[in-house]
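The letters A, B, C and D name the chains in turn, as written, and every chain counts its residues from 1.
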Amino acid sequence: MDAAGFCAALDGIFEHTPWVAEGAHAAGPFASVSALHAALMAVVRSRPRAARIAFVSAHPDLGGKAARAGDIAPASVAEQAGLGLDRLSDAEFSRFEALNAAYRARFGFPFVVCVRRLTRDAVLDAFERRLGNDPEAELAAAIEEIGFITRLRLVERVEGSGMPNVAGRLSTHVLDTHKGGPAEGVRIELYEVGRSARALLRETVTNADGRTDAPLISGVPLRAGRYELVFHIGAHFAARGLVLPEPAFLDTVPIRFGVSDPEGHYHVPLVVTPWSYSTYRGS
Amino acid sequence: MDAAGFCAALDGIFEHTPWVAEGAHAAGPFASVSALHAALMAVVRSRPRAARIAFVSAHPDLGGKAARAGDIAPASVAEQAGLGLDRLSDAEFSRFEALNAAYRARFGFPFVVCVRRLTRDAVLDAFERRLGNDPEAELAAAIEEIGFITRLRLVERVEGSGMPNVAGRLSTHVLDTHKGGPAEGVRIELYEVGRSARALLRETVTNADGRTDAPLISGVPLRAGRYELVFHIGAHFAARGLVLPEPAFLDTVPIRFGVSDPEGHYHVPLVVTPWSYSTYRGS
Amino acid sequence: MDAAGFCAALDGIFEHTPWVAEGAHAAGPFASVSALHAALMAVVRSRPRAARIAFVSAHPDLGGKAARAGDIAPASVAEQAGLGLDRLSDAEFSRFEALNAAYRARFGFPFVVCVRRLTRDAVLDAFERRLGNDPEAELAAAIEEIGFITRLRLVERVEGSGMPNVAGRLSTHVLDTHKGGPAEGVRIELYEVGRSARALLRETVTNADGRTDAPLISGVPLRAGRYELVFHIGAHFAARGLVLPEPAFLDTVPIRFGVSDPEGHYHVPLVVTPWSYSTYRGS
Amino acid sequence: MDAAGFCAALDGIFEHTPWVAEGAHAAGPFASVSALHAALMAVVRSRPRAARIAFVSAHPDLGGKAARAGDIAPASVAEQAGLGLDRLSDAEFSRFEALNAAYRARFGFPFVVCVRRLTRDAVLDAFERRLGNDPEAELAAAIEEIGFITRLRLVERVEGSGMPNVAGRLSTHVLDTHKGGPAEGVRIELYEVGRSARALLRETVTNADGRTDAPLISGVPLRAGRYELVFHIGAHFAARGLVLPEPAFLDTVPIRFGVSDPEGHYHVPLVVTPWSYSTYRGS
């Protein structure tokens, strides 16, 4: 592929910054999509500090006026919208504005984070934690996040061998060790747990294997953050015809857990009787 | 003890109904407080249906105008106040009024329940469930509840051998099977879980044995109903200096459980590592 | 397929009894191998009692002189040899002889059991238990066992759609909830547990997923009986560099379990820390 | 107490070595038995190297000719007999003789170990491990063992406040989470597990609390070493009337564990259903 075609094919992946693709073209052709992405990021990292800062500065504020006004790169629009950052309440907007201002004042460039790998609360946690970084570490952190952002965009744009792993997986199963087999028909809810509220992400039911027909989350990064699974196990034991005291010792079982690795596999099962349960991080 | 002294000693235990003590006096003296209580209840049960209905009718409405106005037997005042039934919101008051009216219309006597053995939500559940009873079963249920009420009052009034068991116990402990020993210093919250909200009952911290210095609840009936223990286990592992990903897989662990036996022993432990936990109803 | 070809194709499946295949031919062609087997067994069950007894009587004694002498159908030779019934010690031979004699005296036909679905000890248990049956139940039991025997032989002889399920599966995995991931490199031994001794069946090592590269047993019936898995978990924790007291709380962990369903799936995992473990029958 | 009485009272505690008591007398009176023992050991440790070696040399060989002949201090006789060291087979006697000879050749004094704190196999392990020590570390190790030996003897000889802790405790309980309560009537065996065999130490049955009426071991040091508890849980579920497949998934459950702290508390419970179990080191 010639340089013009190569740059056109990658247009929009590196927000308003054509020199990244231009710089990487000479290193091709690439054995894999992962190698292509590594070459693009190597171009970024090889630039002098001022150029790297200018590059980071090409990114829009998170939850900022530009996001509200739609005045950012199309990929950014969708990414920020995925977290609802384009429709913040006034209080939330003010909070983001204050964090953005503090961050710019400290580092001289906008806060960049791969919002598709974090819950909204985890974005705020990261914002506050990174405000404490020293400037060199923070510039590296910003560029690492741009690596995550562009890796996801690239995977959606190109096809080829050696695709980088950008998807995590969250799964569960319910084993009824009172009867000695999978628990079928158990209703399960998955919530994202925020500081002040929790949001229902999915509702599903176990099949004859005690599993869900599809993973709870797959094909995309797991947003790092806090979650809660709620298993409606009391209804399961009642449906089996067990005679249990009222109210039952176990009715809805909540399992609250954190995800730290967006590309990881989290298997969070429930091994349960009417009088006991256990869970663990499996894989 | 002569009949007058006997009746005076028991005054107020059977709400406005002196004939219960009068009827039981002849059967004495009693080998135990349990035997005394059984004799008192036998007097009640031996009366004709109309007398039993009159006896039940001597009890105040639950959460009713009399309770608001303080116009009920002193023991009832304290018992209803324990559930907050003397300070219901207007909406709650209306709900109780409606249930009381429906119940009286169906059975011809007021709804009686031993409120010290139930959470407020469990009282409402019992109210609705018992509205479906047939009249004979319901009269027996009302008298059984009066047995619970008077047994508690009696235990507080008299001393003697053979006291009936009126107290339950709720306890916990936290075992850290990552380090192989009790988890000390773990903050634990105990909530009563209602239909729409949960109320903090107690907050405590584990000692060097991984237990709480005193049971979470003891010396009184456990109110039948739904509860949640929350164990702040993330802080424990952090305090041990373990290096774990951020956010940790386990931070606050909720264990939600039902109590059906107010005089039972419920031991609800947490056996935990940074990556797994189990619980069970122990004793 | 004509009758002669059909019978030739099934020769040897029903021990010395050509009329089974002859009787089933008219019912064909068969939609599935399962349907073919059902038709063959229906022929057996439709015969008068005397013919059924004669049919059962065509089977050799278990662990008897004929087995020692090799004077039985070739399929029987291999099946009995699989349990070592062709090389019993003199004491064992005497025991089988005595059981065979008692059984024949009681029922008038030889004891038949599908030896590929049982451990040697389970064969002896079945022998003793079935001696207590009444004659009708025992004749039905013998024919049911012939159903198992011939189903296995049929599956090895013919190909086609709708093969009956004759294979079980035994699998395991080891999850280290101290580190929060699969335990790799754990040595595992699988024993068959007999009355007086245990025999090593397999030795394997977990892979990076904490699983074994292949199931412990698959593709054949699980022999109903007693087993023991031994997990060398102390070496695993030592290899991870954990500093643990000497001797460690856990070194080799034995898990002893029974298999009752030869065609079932038994997943028997170990969820383990240096100070705790759990297991369950999964699927 | 005068010096003569003091020494007489302590006679025999420090094997053939009167100067230990003589040296400690001046430091008295002692606030506690622990302080008395610390003072006695301080006398030993304050002596010059040659005197300490002579002191250690006053102890008999372990499992040696003197033990067989009874030619050692009376306390040593009982202690060695407790492990069966006075009635070794010829092969074992030869093994001890060889180890004693190798040890004496390397260090110039006999191998001393507090045999009441170890199983026989753990004694052999310690023998082999300590042969690899450098001489200074080994002299200190021998004197530390004499501290354990004399602490135990002292506790049996004197009464007083501040007794040192010389007793461990091993306990268990069985919780049936299929029924939601303690498992009563479960037969339990406790074995000491040696290299080539295991020896039954105790057989007991759980009471209504799922516990044993007395701890499995208490009042004495737990011998460091390897153990196995066997729970006859299949019989328990059968006695409850559960209908389970034959053979049951769980029948006898072995739990094998190591004890490293002879004065520690080891609680090793079984939390069990017909299809699962877990255990942990509790306290």
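A few notes on this one:
We take it that a residue touches a chain if its C-beta (ideal position, glycine included) is under 8 Å from a C-beta of that chain, and two chains touch if they have at least 3 such contacts.
It should be emphasised that the depicted structure is a prediction, and the values quoted were computed from it without experimental measurement.
Greatest centre-to-centre distance from chain C is found for B, with centres as Cα means. Residue contact pairs shared with B-C exceed half only for one pair among C-D, A-B or A-D, and that pair is A-D.
With centres set at the average Cα position, the gap from chain C to chain D is 45 Å. Chain centres here are Cα means. That of chain B falls 48 Å from that of chain D. The distance from the centre of chain A to the centre of chain D, each centre being the mean of the chain's C-alpha atoms, comes to 55 Å.
The residues of chain A that reach two or more other chains are 177, 180, 249, 271, 275-276, 278, 280-281, listed in rising order. Taken in their complex, chain D has these residues touching chain C: 122, 224-226, 245-254, 256-261, 275-281. Those residues of chain D that touch chain B in the complex are listed here as 175, 177, 180-182, 209-210, 271, 278, 280-283. Those residues of chain A whose C-beta lies close enough to touch chain D in the complex are 177-180, 249, 271, 273-276, 278.
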